[in-house]
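First chain A sits with chain B, and in the next complex the same chain sits with chain C.
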Partner chain A sequence: MYGAGMAKGLLVTMKNFVKPDRMFTVQYPDRKVSPTELAKMSGVGVFTFMRKNPKTAFKAMTGQMTVPARLKQHPRFRGEEFTWYEQRCTGCASCAKYCPLGIIRIVTSPSGEQVQEGQKYHLDVFDIDIGRCMFCGLCVEACPYDALHMGSGFEEGKYRRKDLVVTVDRLKSQPKHPSTWFRPQIQGKEGYHPHGEKDVTWQEAGRHEQPSRKHQEEKWAKR
Partner chain B sequence: MEGQAVKAGFDFLGIYGFFDGLMPESLDWLAFLVAGFILAFAIINALVVSTAVYTWFERRALGKFQSRLGPNRWGPFGLLQPIADVVKFMSKEDTVPDGADRQVFTLAPIVFVATGFLVFALIPLGSNDWLSRLNIGLVFIIAVTSVNTLAIFMAGWSSRNKYAMFGAMRGVAMLISYEVPMALAIAAVALASQSLSTYTVVTNQEVPFMLVMPLAFFIFVAAASAEMSRTPFDLIESESELGSGYHTEYSGMKFALFQLAEFMAPIIVSCIVATLFLSGWRGWGPIPGQVWFILKALVVLCALLWFRATWPRLRVDQIMEFAWKGLFPLSLLNLFAVATEIQLLRDPVTGALTDSDMWAMAAINWAITGIVFLAVSRMFARKQLQRPLPKPSPLANMGAEAE
Partner chain C sequence: MAIRTEPVTVNLGPQHPSTHGVFRLRVTFDGEVVLDVEPVFGYLHRGTEKLAEERTYVQVVTLTDRLDYVSAMTNNLAYVRAVEKLAGIEVPERAKYLRVISSELQRIASHLIATGFLLQELGAFATPLMYCFRERERILELFEMLCGARITVSYMRPGGVLQDAPEDFWPALDELVKAMPQYIEELEGLITSNEIVLARTKDVGVLTAEKAINASVTGPMLRATGVQWDLRKADPHEVYDRVEFDVPIGAIGDTYDRYLVRVQEMRQSLRIIEQCVKQIPKGDIRSRTAYFIRPPVGDAYGAVESPKGELGFYLVSDGGIAPYRCKIRSPSFINLTVLRDLLAGWKMADLIIIFGSTDIVLGEVDR
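So, the complex of A and B:
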């Protein structure tokens, strides 16, 4: 019958209205919580929660309480920051050489450490100018010692251009949440979460698997 | 919602009597003036506040209908959103484009809003709550609601903008077309209630006219939702084609006035529908009439909102076709049917219609409506089947022929 399609459309929107779980809005950076939800989070009943902390319950009732909310993030997601392990870095400056934009600046001096196992230099300057970076990840691919990783954070908005230059001190001090992009050894590791509270230490981050002699022969000699 | 300021017995005569008692005999006109101002102030404020609440409600419900959240950042459930909106509107710069007709440009939003307020003066909220018991109320409603066509044209013409002009011209064409079926549907109501006053329409409405003449109800709701230019019929301000139509050049409080009028329109339309077709404040049980009225208006409001959330915008030619080929003949048929039934059924001496007459009319009209709907749907469906199949382009199979 002509016009039945209009009624069908009305039914679809009514279904959306009745079923709240069809909502696809994702809230960021925080979302409002109701007292019921707060009580569920703290593991007590609603009335117990309201009696114990009436101030929070009132705030939640008037829509003032928020909890942080964010999208679920894949561990291989490349953020807009870098994670760097100074224990691994020898100061070879491969990253600076491979950077197509030339935005990594490295100044090193002899450190006298680990002279037997190959040279290790002391890093005086290690600046990455994120303002001009295109996040191609070539520096990470180039790093022979798995010291540089892509990070998984992305909230890097700044007010001044000079704040966008990431210095050694910042690389050393910031929390280490490496992305598993090009570092498959972290992927699938027990308990690894890109936004977990725990840092990933340099031992945990691990080395990539060295190709075996057999593998190399198969790959290169067979041609 | 609408009745908060107008409590039971809070009518013009009561206030006038109060001030008349305070003042000497020679100052009657002043008491009259003060009483009128007080009541107008109360009604306008109640209407503006309810519109503000309605903007929140509409955006929230639209969100739910379209499976997203509505405004939710300000206050509990986003309830303070209207206040944030007003603050933003007030702090915006008030711009007038170069070469615009300044006076007309300023006047247009005021005219647009004023018509809405004027209509609300005629809505009886309860058996005792009315601002004006005008004896030509229905004619007044038709006349005043067509003034907003003028306001839209003023806005579009004065802002010297091609898109605003397009929107205004489309609007004028559409609104004038939909005036006709709307007026004819109201004429059927006037016939059946034997009165032109909104107050008497309700008192004579023992059986809701929605049941007595469903065709008129359908025509009125369709035409009225076109008159307020909301989503199935919003080609006046179709955002994807015309910027935003006639109010492209408006900003600040002038734009806020347009928004106010636009969001006030559904409230007014639902009040008119409740008065004309759902027997106004009449109800059963101990619940007061005002509550009945507001409940009925709310139901209509929600239904209009549901339609708005669901149906997409029609094209210009489709809208005109719907008005002139669909609603106009239907409204003529409805008027003819109602007039004939009244001529046959009414008391030959007094001309009065009893309840049983009304129910008989209802039965006949429902039958007519069913037949008409089936016939129209078959007609349209056949038209759709007869549409020629698209011919493939001669360029499409050039390679295949060669092989």
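So, the complex of A and C:
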């Protein structure tokens, strides 16, 4: 019958039109909130909230109040702000060597400190130019001491290219919320998510315990 | 004596929404009818083949993501297969299954885009495309679980895959495999028997089997002409010889057949994934290889059936840490060679649809 196919197609459209759970629009970067949700956020009952801030409650009722929305994201997501542990890094520059674009710059000098029972180098420069980074994660994969991890963000926007360079000071000072990408030891931790509040300490970030002098001597003697 | 008329040459693109990227068609029209077509490309040329000569074998994987950017998994697979042939690297069983699962998911995602944009070009603006994107989104979420990225995955490595699937991947995959047939049915309900689609696509842009073989066209475009050629059957790589699936073929090779073959291939891909999930063994996911792979002097050609056709990498090694030469046989580029035969004689409105049904991606055409 002519027109049957068209009716079938329109039926599909109608079905999607009326079913509320079929909506798949993701609200970003802000989403609307109801007064109930606002009250929950401030930790008081709905009526108390409405009495205390009637203006905000009215705005929320009419759909004018928004809060920043965070996208659902897997903890493995390869994000832009790198997490780096100074205590674990030996300055071997494996990451710089393995980067396909050569955007990691490392300058080291002998520090005289003993880390992992060997000479540790002091990192004068550890620059990652994320303006050119493609987030393939080869640097993270190459790091033999689990010092470098991917981050979880994707919203870094700057007006100048030089602002996109992640410097060693920023790497030292920023909160340690590494992505679990290629780091099964972090992924194994119960309920860890980079968006959470909890920091990962440098001891937890490593794949293995710090080897003792005896262990290393045995290992090298066997070779 | 009648007034003399002349054909008019029009540039379609490179910034035309229906040329799938930056692609230019110099079309000579006689009124509404296409007389001649000259494809002009190179606007997206990034020199991937040359860049590959300056990078190690593992680093090139990141470049292959950017070739066919709607099916990065199969690009990875084709490249690592060439490296494995070249260097003689063994792949663990679990990694083979993970590779097949991820590349079949990618095939579904790619065909959804092809179908969605075909509808877009038919004039069903945005809504059916968003239906397709909604399903694709779920597949991309699975990729995010596997490898932390959605489009530029860089998941495969010579000698296996990068990392094992997380625990929450398998229930999510099961859910998708269960839900997907309904989605495909819904999509078919919109298109397959729709009179407008039938009128616009049936018997439009017919490609004969002989012409397709002569131009070495591969993929759904070839299978729509009725030739049963699929590299997954002809040269079973990974675990394709252990799973059952059919190769859907079309009847006459018109635009409608090309669409129909793609939809049926999505169903077959789901069948493959279902079987792989049942068969997948436990074990290693990556064999031990040196980071700087130094293959012996020689050459190798690795090819897979990508969603667009046969994607092959020809690598020449001089014994160093980087390929001496890397040639990419990209299906989109070679499928374009029949464009003039396909388009000549059709009207302007048909041109857009026929061109859309060839499903090219400019990242792969220009490389």
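Rule of thumb we're sticking to: the second predicted complex is superposed on the first by the 168 of 223 C-alpha atoms of A that agree within 3 Å, B and C clash if a C-alpha of one lies under 4 Å from a C-alpha of the other, contacts with A are read in each partner's own complex, and residues count from 1 in each chain.
As a working rule, a contact is a pair of C-beta atoms (placed from the backbone, for glycine too) under 8 Å apart; a residue touches a chain by one contact, two chains touch by 3 or more.
No experiment lies behind these values; they were computed from the predicted model shown.
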Partner chain(s) touched by A:R88 [first = chain B, second = chain C, both, neither]: neither
Of chain B and chain C, the chain that contacts the larger number of chain A residues: C
Which of chain B and chain C A:M6 touches, first, second, both or neither: both
Touched partner set for A:R170, first chain B, second chain C, both or neither: neither
Touched partner set for A:R105, first chain B, second chain C, both or neither: neither
Partner chain in contact with A:K40 - chain B first, chain C second, else both or neither: neither
Touched partner set for A:M61, first chain B, second chain C, both or neither: first
On chain A, the residue positions that both chain B and chain C contact, one per complex: 2-3, 6, 9, 12-13, 16, 24
Of all residues in chain C, those that touch chain A in their complex: 55, 58-59, 61-63, 65, 127, 131, 134, 137, 141, 144-149, 152, 154, 162-163, 166, 186, 189-198, 291
Contacting residues of chain A [partner chain C, same complex]: 2-6, 8-9, 11-13, 16, 24, 73-74, 76-78, 98, 100, 134-138, 141-142, 150, 179, 181-182, 184, 187
Chain A-touching residues of chain B, taken from the complex the two chains share: 61, 64-69, 72, 75-79, 306-307, 309-311, 376-378, 380-381, 384
Residues of chain A touching chain B in the complex: 1-3, 6, 9-10, 12-14, 16-17, 20, 22-25, 27, 32, 61-63
